[in-house]
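Letters A, B, C and D mark the chains as written, and numbering starts fresh at 1 in each.
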Amino acid sequence: MANLSLTFLGAKIKNPIVLASGILGVTKASLANVVKNGAGAVTIKSISKDKRKGHNNPIIITFETGMMNAVGYSNPGIDAAKEEFANLNEVGAPVFASIIGTAPEDFAYMAENFLSDEYAAVEVPLSCPHTPGFGTLAGQGTPEAIFNITKAIKEKTDLPIIIKLSPNSQNLGEVAKAAESAGASAINMGNTHGPGMVINLETRKPILDFKVGGVSGPAIRPITVRCIYDVYKAVKIPIIGTGGVNTGRDAIEMMMAGASMVGVGTAVYYRGISVFKQICDEMKEWMEGAGVKSVEEIIGAAHE
Amino acid sequence: MQIQRRVEQPIMLPIKKIIEDNKDFKTFVFEGQLGAKPGQFIMLWIPRVNMKPFSISNQTEDEFHITVMKVGEFTAKLFELKVGELLGIQGPYGRPFSFKAHGENVAIVGGGCGIAPVNFLIYDAISKGKQVYFIGGCRNKDLFIKADEIKSLPVETSFVTDDGSYGEKGFTTDALKRLLEKEKIDQIFACGPEKMLVAIGKIALERGIPCQISMERYMKCGFGVCGQCCVDDTGLRVCHEGPVFEARTLLDLKEFGAYKRDGSGTKQKI
Amino acid sequence: MANLSLTFLGAKIKNPIVLASGILGVTKASLANVVKNGAGAVTIKSISKDKRKGHNNPIIITFETGMMNAVGYSNPGIDAAKEEFANLNEVGAPVFASIIGTAPEDFAYMAENFLSDEYAAVEVPLSCPHTPGFGTLAGQGTPEAIFNITKAIKEKTDLPIIIKLSPNSQNLGEVAKAAESAGASAINMGNTHGPGMVINLETRKPILDFKVGGVSGPAIRPITVRCIYDVYKAVKIPIIGTGGVNTGRDAIEMMMAGASMVGVGTAVYYRGISVFKQICDEMKEWMEGAGVKSVEEIIGAAHE
Amino acid sequence: MQIQRRVEQPIMLPIKKIIEDNKDFKTFVFEGQLGAKPGQFIMLWIPRVNMKPFSISNQTEDEFHITVMKVGEFTAKLFELKVGELLGIQGPYGRPFSFKAHGENVAIVGGGCGIAPVNFLIYDAISKGKQVYFIGGCRNKDLFIKADEIKSLPVETSFVTDDGSYGEKGFTTDALKRLLEKEKIDQIFACGPEKMLVAIGKIALERGIPCQISMERYMKCGFGVCGQCCVDDTGLRVCHEGPVFEARTLLDLKEFGAYKRDGSGTKQKI
């Protein structure tokens, strides 16, 4: 029998599929529901110090080949979120926190005051393409910014730190190395692409209220694969490959490019909430056909 | 005209007609066959303003209606629009009401705003040959919607108001209990204020009568991705596994009748 | 009747759809065939001073939502190309040259020795993501490089210069302004995205011989639209919007974002060679429904 | 097993069998139903080496063949491979040969390497109840492929070699002319060296006999995008509007029998 379990950042995980941040991650109950539907680990929706309303609706649309979102980091703020995400053992699988801020101090504050050892790790997206003050719109994607923010968090928490990168980074290798050298334990490659824009012809207006939004889903998979491939060449820390995975085949492709775990978000739209189980079943089927016993064997296989 | 949708983007339709139900309610009529079922909702886009969920309150061969109560910024803006102006329609979304194959007598309960979605259900029930017992409740006469329309249909109606200004004085729950004593009801459907829904659900459960309830939660995407509408402790998505649920499913929820979350995910008491 | 004709860089063009460089552009006869199939203008495959073999095959693959290519600028070199593209009046519509090089001097050489006034304009891709020595792999996409190369060409030709940009440029506005201030007459926004990678699971190897390739087709459209929108805000010179256009609707969306003409390449794969006529017919149909008399009315309409 | 393709990417298949036709030719057999028609080709991928076009030389319920002549780097590499090794198959591509609805007697002419694709055509013609007159030509006996196989079929065969070492001495054109004098031929099909194809096309045209010819040009994508295989002066794509064309279409081409282009687009005399 093909074995999907693996060790990631010291934790034993039953399969490499992790719920990506921002999809079905508003409540603990929803995370538990995702685990019931087959995910090996889950990531909470990103939390900031202060409560955020986010952008007006529409915040998510789809187009012929993918999805676009500009949620704008809506979240209830640190206090309500701490209450929401307590007793995480009830979720049934490792939970990754996700924290955001506009300056290194914010991240340090979040690390100190929000995190707890109930989380398996903390993920830090420095790569959102559609929220002013955050991510690439705030220059958080440069090697310097990444180094400083990672360091600031590292001083305040013992949790493994996962830095989530933007596929737009001009020199991904450098950017990933900056995270590694500042003490990050893993890279999440990566966030949404673009941003993109879809215009409604009748009104001649962009549809998303923020006009532009990060692109996810099938449209972005090949570029994500290349990004993972580049990061794998540059750093030794493990990678969560995220972006456009819809099937077991896609997940295996990400792992061959260098991912140890595979993030899944938009696929919930295309294949329903049981997509986590579906992907795992498809991976097992492929592994059995190919004679691969443990999923850990194929990590980085495309580099050989 | 069949309205076709390939992607989750609004389709622009002109407002064909506006019916002023009363001082707080307007019904907006659009042309086209939406293919919706009773209990389903659409996301309504006022371009560059916002997009919010509204139930289909009626549907014919070539028209569909939504019935809106003015409660805040978005609905106020909507009330300013005139016939001919373009609105974006996305959907229909969600799990609809569904009739059991056997069971002639159905009780349909609508409280306040909740009369809108069940209006469509009443028409559907009639067309399927059901005997409909409708119970409508509101705080007072002025807030009632669709009462005359429903009265004109082949339906047994009873109306209640908190102050007795229309129909009997009392609550829908009282009317429902009276009905259940008189008639053998095979299935109950309800939409309205959540406290009322809890009470109705309990009445049905106690008596072992199948009951479907439509509930509301803050929605953003409307199609099961953002997680904003998930309920405790099951994590079910109101936009996708709902908005219509079996009463038992809802009564088992920790948050049903107790609290909900706003657009940031912050809990609010109900 | 809806009117698709427009004036672009001083030339009267019967419709805004232009064949993108590198698709069906190897021979003059092929360009004429594309014009017969409805294109308003055509672009030749990019030509370098020396003959180039390009990358080994596969050079083009498709994936679920688009296409990836790493052709590697195969071309017969300046002399054979001059012979190939003579008597361009036989093509039946304006022809844009496309020249490439590894240094500003190469571009100057090509401008002086390859171009002729048979061309309506010269396009200069500084944005190929998959050919060592050229485009973004050679740093040709920075504002400085763009400025210098444009200047060098400008000194050697009187043809209008179209600078073709990469969607990856971190600051598109700046990059477009560099081209404008150096004397470019138009921007082509843009080249392929990524690059991306597709891995064959059985062999565990990237499929494209160059491993990575530029992404085109439906997958990239929303990001292209946003890029056009950004460039339109930054410069006054007209834009050719290229990337992911498949239908008349898509072409109109590009124009509303700010494009004056619309490049079409990969759509030949999805809809056949008559795609140029199909797109024009669809544009006319939409314009008639919307009461738009001239296509020039909608350029940049999404900005109002 | 039906081979299914959704995207233009190679599907990996193990070599099931290798037949050594002669010292320069090998036939590679793969398992699976490709759904190809005679005259169509596949792109064959040797992983991380290159990908090149080859005609389907036969196809049964559960197998298909390609027959390859060793001429350069890629084909030499291919000749080193063993049964069981994986090759990438992409396609089938291109416009196939097609029979006219009426017309019993068909002449099929294969010259050298061109015998490969017409081998498949012969089987197809027989299964469609045609009377097949096959003319095969080669420089000498040692280069012939499929001769014994074709001879064993219910087909009238005539073979010619430049040196008379197999069949008659002479060219396929001579054999064709002799055949046309003897029999009423309704349709001619040909594949082989381009100078031969020009001559055959002319013979057919002069006599007003419908004639389809398969030609080769340097191919990269194989599916009509790159433009590498376009011919002068029509710009038709050999990979897409061809490789099988009506003889008239080809004889009208400026380049047919005169020149072709290599992988960089540089012209070469034929």
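One rule holds in what follows: a residue touches a chain if its C-beta (ideal position, glycine included) is under 8 Å from a C-beta of that chain, and two chains touch if they have at least 3 such contacts.
Fair warning: this is a prediction, and the values are worked out from it, not measured in the lab.
Where touching is counted per the definition, chain C and chain D have no chain in common.
Annotation: 36 Å between the Cα-based centres of chain A and chain B. One simple way to say how far apart two chains are is to compare their mean CA positions; for chain B and chain C this gives 51 Å.
In whole angstrom, the spacing between the mean C-alpha positions of chain B and chain D is 67. Inter-chain centre distance (chain A to chain C, centres taken as mean C-alpha positions): 34 Å. The residues of chain B never reach two or more other chains; the list is empty. Among the residues of chain C, those touching two or more other chains are numbered 63-64, 198, 202, 205.
If you draw each protein chain as a dot and join the dots that touch, you get a simple line with two loose ends. Interfaces, counted as pairs of touching chains, are A-B, A-C, C-D.
Listed in rising order, the residues of chain C touching chain D in the complex are 22-27, 29-34, 45, 51-54, 56-64, 67, 71, 74-77, 80-81, 84, 198, 200, 202-203, 205, 207, 209, 266, 268-269, 273. Touching chain C in their complex are the following residues of chain D: 6-10, 12, 43, 45, 47-52, 86, 88, 90, 220-221, 223-228, 230-237, 261, 263-267. Taken in their complex, chain C has these residues touching chain A: 63-66, 68, 168, 170, 193-199, 201-202, 204-206, 211-212, 215, 218-223, 225-226, 229, 249, 252-253, 256-257, 286, 290, 298, 301-302, 304.
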